[in-house]
Amino acid sequence: MLRDSTATDNGQLLRNYQAVRARTLALTKGLSAEDLMLQSMPDASPGKWHLAHTTWFFEEFILKPWAPEYPVFNRQFSYLFNSYYNAVGNRHPRPRRGILSRPDLSQILEYRAHVDQHVGRLLANDTIAEYATLVVTGLHHEMQHQELFLTDIKHALFQNTFAFAQHLHTTPIKHQPLDSKFAEFSETLTTIGASNESFRYDCEAPEHKAYINAFSLRTQPITNAEWLAFIEDRGYRTPGPWLSDGWDHAQTEQWQAPLYWRKHDDQWQEFTLSGWQTLDPNAPVCHISFYEADAFCRWASYRLPTEVEWEHAARTMSPNIEGQLADSGHWQPTSVPVATGLQAMHGSVWEWTASAFAPYPGFRAEQGALGEYNGKFMANQFVLKGGSCATPRAQLRHSYRNFFYPHQRWQFSGVRPATNT
Amino acid sequence: MLRDSTATDNGQLLRNYQAVRARTLALTKGLSAEDLMLQSMPDASPGKWHLAHTTWFFEEFILKPWAPEYPVFNRQFSYLFNSYYNAVGNRHPRPRRGILSRPDLSQILEYRAHVDQHVGRLLANDTIAEYATLVVTGLHHEMQHQELFLTDIKHALFQNTFAFAQHLHTTPIKHQPLDSKFAEFSETLTTIGASNESFRYDCEAPEHKAYINAFSLRTQPITNAEWLAFIEDRGYRTPGPWLSDGWDHAQTEQWQAPLYWRKHDDQWQEFTLSGWQTLDPNAPVCHISFYEADAFCRWASYRLPTEVEWEHAARTMSPNIEGQLADSGHWQPTSVPVATGLQAMHGSVWEWTASAFAPYPGFRAEQGALGEYNGKFMANQFVLKGGSCATPRAQLRHSYRNFFYPHQRWQFSGVRPATNT
Amino acid sequence: MLRDSTATDNGQLLRNYQAVRARTLALTKGLSAEDLMLQSMPDASPGKWHLAHTTWFFEEFILKPWAPEYPVFNRQFSYLFNSYYNAVGNRHPRPRRGILSRPDLSQILEYRAHVDQHVGRLLANDTIAEYATLVVTGLHHEMQHQELFLTDIKHALFQNTFAFAQHLHTTPIKHQPLDSKFAEFSETLTTIGASNESFRYDCEAPEHKAYINAFSLRTQPITNAEWLAFIEDRGYRTPGPWLSDGWDHAQTEQWQAPLYWRKHDDQWQEFTLSGWQTLDPNAPVCHISFYEADAFCRWASYRLPTEVEWEHAARTMSPNIEGQLADSGHWQPTSVPVATGLQAMHGSVWEWTASAFAPYPGFRAEQGALGEYNGKFMANQFVLKGGSCATPRAQLRHSYRNFFYPHQRWQFSGVRPATNT
Amino acid sequence: MLRDSTATDNGQLLRNYQAVRARTLALTKGLSAEDLMLQSMPDASPGKWHLAHTTWFFEEFILKPWAPEYPVFNRQFSYLFNSYYNAVGNRHPRPRRGILSRPDLSQILEYRAHVDQHVGRLLANDTIAEYATLVVTGLHHEMQHQELFLTDIKHALFQNTFAFAQHLHTTPIKHQPLDSKFAEFSETLTTIGASNESFRYDCEAPEHKAYINAFSLRTQPITNAEWLAFIEDRGYRTPGPWLSDGWDHAQTEQWQAPLYWRKHDDQWQEFTLSGWQTLDPNAPVCHISFYEADAFCRWASYRLPTEVEWEHAARTMSPNIEGQLADSGHWQPTSVPVATGLQAMHGSVWEWTASAFAPYPGFRAEQGALGEYNGKFMANQFVLKGGSCATPRAQLRHSYRNFFYPHQRWQFSGVRPATNT
């Protein structure tokens, strides 16, 4: 498993490459060709498309420019499996990815094998070179898609009422109740963002100073039991604590609980990658939108932390990145008790912040096609921090900025409130 | 192959059953599990769904009520594969049929085998009985879905730009130009509709009198060459000959040619079940909507024939039902010359009539759930007559009334104009 | 008041012209400039627009071609107040008619006076001429818009919750209950449609033969009390009697009663041009769509009459056109008892027929721009017969064919059922 | 005219009240009752509604609670003219404000007079009291609506193609070209936001520290000539410089120039409140969205300033608030040269910042219904600073935060770029 994303020699780079690529394939276990073609909404992509698009990245950015003898697997794939990169040319429309019955799964698996073989050959024959960073970027890109693969297939199987469709068989973990506590932080001029020493996306840089007032941060995320109290207090029926846009969206979509909840015979259940399970009151609440997280906080007289506050807290009180991440194989959030301080800052659930996704002071987009990766999305989205149970360990950093629209709920997203002190 | 749809003994009935069921499976040749899951629009259904729904019909209406020991294959299928029948209970929403990755194709094939086995057992052990008509209805129902299977998969593969997706490999037929001629018919009190002697749908009955004025009918359908003249005369850009609703629809959908046409390197091509082919100017035009057919006729100083006129003409001048039907295996319309009289009244392309689909005088809907079959749709649709290259021979009759919305184009639909005399 | 729409001399023609034009203005009594600008839905037009468009007709088709010295009032009006006529040029988009604050009401009234003056001058100085028929057509056109003026302003004021917006003050009429009876008609070859002797629209001609089976027709329209029975039997909640398209529409629009009904303090009320009134159980039900009329009939084991049946019945049993028409000034349907035979075939409510609006055998559209008047709409609409309490007497004939889409309810539309015998 | 929004005695308060109220009425000069009913899009409100809603504010928050003998003008107005305040009860739906022909204009003018009379009486008889702040809030609220009145009527008249609809007659001002210069600012810990000394909205407080890096700010806004260069360089056709959401929106809406521009006989024109005028290349560009402002900056290798940067620059280099504001009566942006430093920081055009509208550290929403005023909108909107030619002088402050959605263009919005140094 990829531990350090920046390899110092080709051998290490190739081993990292092979580990990440193998893990993607492992995610398809138990899924049929039909399952891997499902696209349940425009935001989500078919599993087959994730398998192909991550491969396309290496073909387009590594093999085509750097491996002169590389035989293109199929010229049409350049069009079919481009995701956003305008600079690379036209692309198949995103909401229609589910219409691609052809190429079929076996052809995509051949495509992966073909590209893997040629990347292997390139790295074997070459000294570490300019494109090493691009390979590492490709691996981080693929790890992002590993998480999306899980969230997308969960959403797709959820649509299907047949036989409680499921992907995995894992046993639920039983949680103990925890006390609600807040850790305090003083007013200060702090530093956040990524330095240039190891791999980071362009949007995490530059490292920069920011002034913060004193604040407190919950030592653990909000639990299902706390969310049930919000529901029972008519949280989804009272406009008071909601943002205006959030309330409109909640009414239109008829939200009455987190995305994957249902009441069955008077008992709350939750859809998981292992099918429907009884809701555990002490587990972290998950699959909530920014709008819901924000309304919950206002209802509870809390607020969401800013991105700066969150990162400052993590750097100072939770310096080691550890928690329930995708490597555990248990892709359902759990609460991971620690003796003192902040609990589960990393893993379990992504935590919504109050901060719109925006450029850091001095931000410079990556050059070339990769420059379309993050900067293009700096409007209307909010930053999430900390990773989830579906995030590979190797792609996480304190400075990692995940971002989604405030109405989106199909990611493993939860909430850790803050207060002024 | 089912020749006479009304069997006189169980042995014949079973042979008919087996022939129709086998033909449905034969249509899937060359298609992957992924192909059979495609749903390209709400009007169309996945191939897998057609395989299951036609089977559901026999389980629901034959085996459940008449075979007391019959073990239901899977209780959830009753919900998943109901198409319209409100009386049978709730059903999976039509536009979401493409989301059913599960049950997968192998389970559907088992389902078919299971039901076939039990229908076989029932018919072997029983004397001909009350449900014989229901079995025949089920076979006609399945033949309708055979045609829809072809039109739906054609539409689905058409969406996919990858490698000129295709289903079959058949060689195009080269047509000779024909002269445009009209046959004349005198004013008369005629009789149309189905008697009760052999199988017919409820909407074809009762046989009844109707008065018609003198008229003429083209001896053959309009050809691609004639349609090109319409296009070149700015037929798709001039509101003059169009119905108001038709013009609005054509503008919204940006129609500029029949559904499956494209101009490639200055040459017109047509998408077929064998992929893209050069347009044959002398073949009948196909995949046009009622709106287009009607506009073409007004542009050419013709009009569409009424349903009564069409059936009167067929009964009197084309009494034998013969032409290019699905049994030919060539699922692309051709022109079938005959020495004299009306050419290709049956087969090749369905022919739009000017008649809205409405009840015949004295119409009575079938009793029970089957009563929801036709009468429910008697608004906003127009009648088509004569069958197409994708219609099984055994389901065709002079009285057969096919019906679609005036904007729909994915059926094998063409036009044979009439005039007043 | 215009009694005979075909005048034999210019003096009579001018008196007819002045009477119709004056009546249009009289309809605006009690309405403000703001009321006359309301457009509550794309189907409806502002009152100001009706005032202008009916004037435009005379300017465009009479004064411009026939009065050589005529000074155009304002060149832009030709664009602003064209309704459908493509042949006359582009036009202001229909759904945006409510955005025309300018020209303001006083300018439109000047426009009317200007055109009236010049039409008066033309008719005074000229012998009866070719354009006389066009003038008569313009008067019939204006009478159609008089009815639309009333239905549109009713719909617009209904949207406004302020002070029970109303247009008129008329006292409700109290009805007596009537027995439900049917009149019987024998199978026959009948004749319907308009001859060429007096004014008729193109779609009413030619007079032609049609064969009908024996049938019965209700002597009076369905009443509110009968409709309440349908509601109480869950008529709006049971898909059984509904057409498929009708049921979908009723669900989407959440129909639970006729358009202008509401339950207020446990009592049914009806919005009228004189504001909200208690529902009279014995008055004819009004403001129902074709879909509702059809579902009601199937629920009650009746059916809708065809257009041929209706006209045959009217010609034979109700030869004089009399009933509650717009001339009464009581623009709310009432039941008009007669001693025997069919009651209220004319006036009170338009009666939905089972017949789609389609060309009669031998139909020829009017030549020129007026040819766009009716033939353009011969798809997806159903014929209504008999006129309503908002229809001017002078525009009604047995052969008159009104037509609307099956979901539309804002006209004064009701239902008179038929049965087979 | 209201100079200082916080009065120290009732006499001054009343004079301020009368001045603001009179100015609102003055804006209606030249507009008909029909003009004042126009609602051209859900974002905009009819002029009549602005007249009523601003009056409703004083009735609801001042007279009802504080004037015990106050006779409510009309109980239904409480429902009709509530804008957002959920705490005050239900309200008429925003997109349907244009349907309110009743109450008519004369009733609304009576309503204003009635409320003005009673506010006058209250302030005359009373010593300065608790509600004084509410009166001042009401005046600021009304000044906001004065600006919206202008932007909304401009948008409404723009829809009307009739006779170049216009509101005013003012002569265009001819500008001289200016050099593009940038002012430099050093890295610092600065202070922004409003103290509690005088009137401010809740979202402007508290005053707080913020750290900024060194930056430069354009001394003047971007001009029309510069925008034309962007258009001519295919700025609206190249996705490169656009945010992803912005590009999608620009494509859907087919943007090709700022909102009110058109090319007429090969010459660019601009729609103004005085009708169509030739575009002045040296005037500031106006009526652009955030998406366009941001794309322009990236195309020109600039960026948008943050809210903190903008306010820091204004406080330090443009301490006096002066410029082309609404009080000038010239409601079309002009360039106001000053000798040195930043030009036109206030007035002329609102300037988009890069900052999402979000709570300041320690933000507390106003208590009661007024708390719904700003905090509800803290998602998906961006901050604009500096006021426009339609903003009353008396409502402007350095700390004033205007906010709109990034796609909105009907405000007087422009752009002043920044760079890193």
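Letters are used for the chains, namely A, B, C and D, taken in the order the chains are written, and counting of residues starts over at 1 for each.
The criterion applied here is as follows: contacts are C-beta pairs under 8 Å (C-beta built on N, C-alpha and C of every residue); 3 or more make two chains touch, one makes a residue touch a chain.
Note that the structure is predicted; figures quoted are calculated from it, not measured.
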Checklist entry - Which chains are shared contacts of chain C and chain D? => result none
Checklist entry - What chain lies farthest away from chain D once each centre is taken as the mean of the Cα atoms? => result B
Checklist entry - For chain B and chain C, what's the span in angstrom between their mean Cα positions? => result 38
Checklist entry - Between chain A and chain B, what is the separation of their C-alpha centroids in Å? => result 47
Checklist entry - CA centre of chain B versus CA centre of chain D: separation in Å? => result 60
Checklist entry - Going by the touch rule set out above, which residues of chain A reach two or more other chains? => result none
Item to check | Residues on chain B engaged by chain A in the complex (per definition of touch) | outcome: 32-35, 37-38, 40, 48, 76, 79-80, 92, 96, 98-105, 156-157, 159-163, 165
Checklist outcome for this item: The answer for chain D against chain A in the complex is residues 84, 86-87, 189, 208-213, 239-240, 242-246, 290-291, 294, 303, 354-356, 358-359, 361-362, 376-380, 382, 406, 420
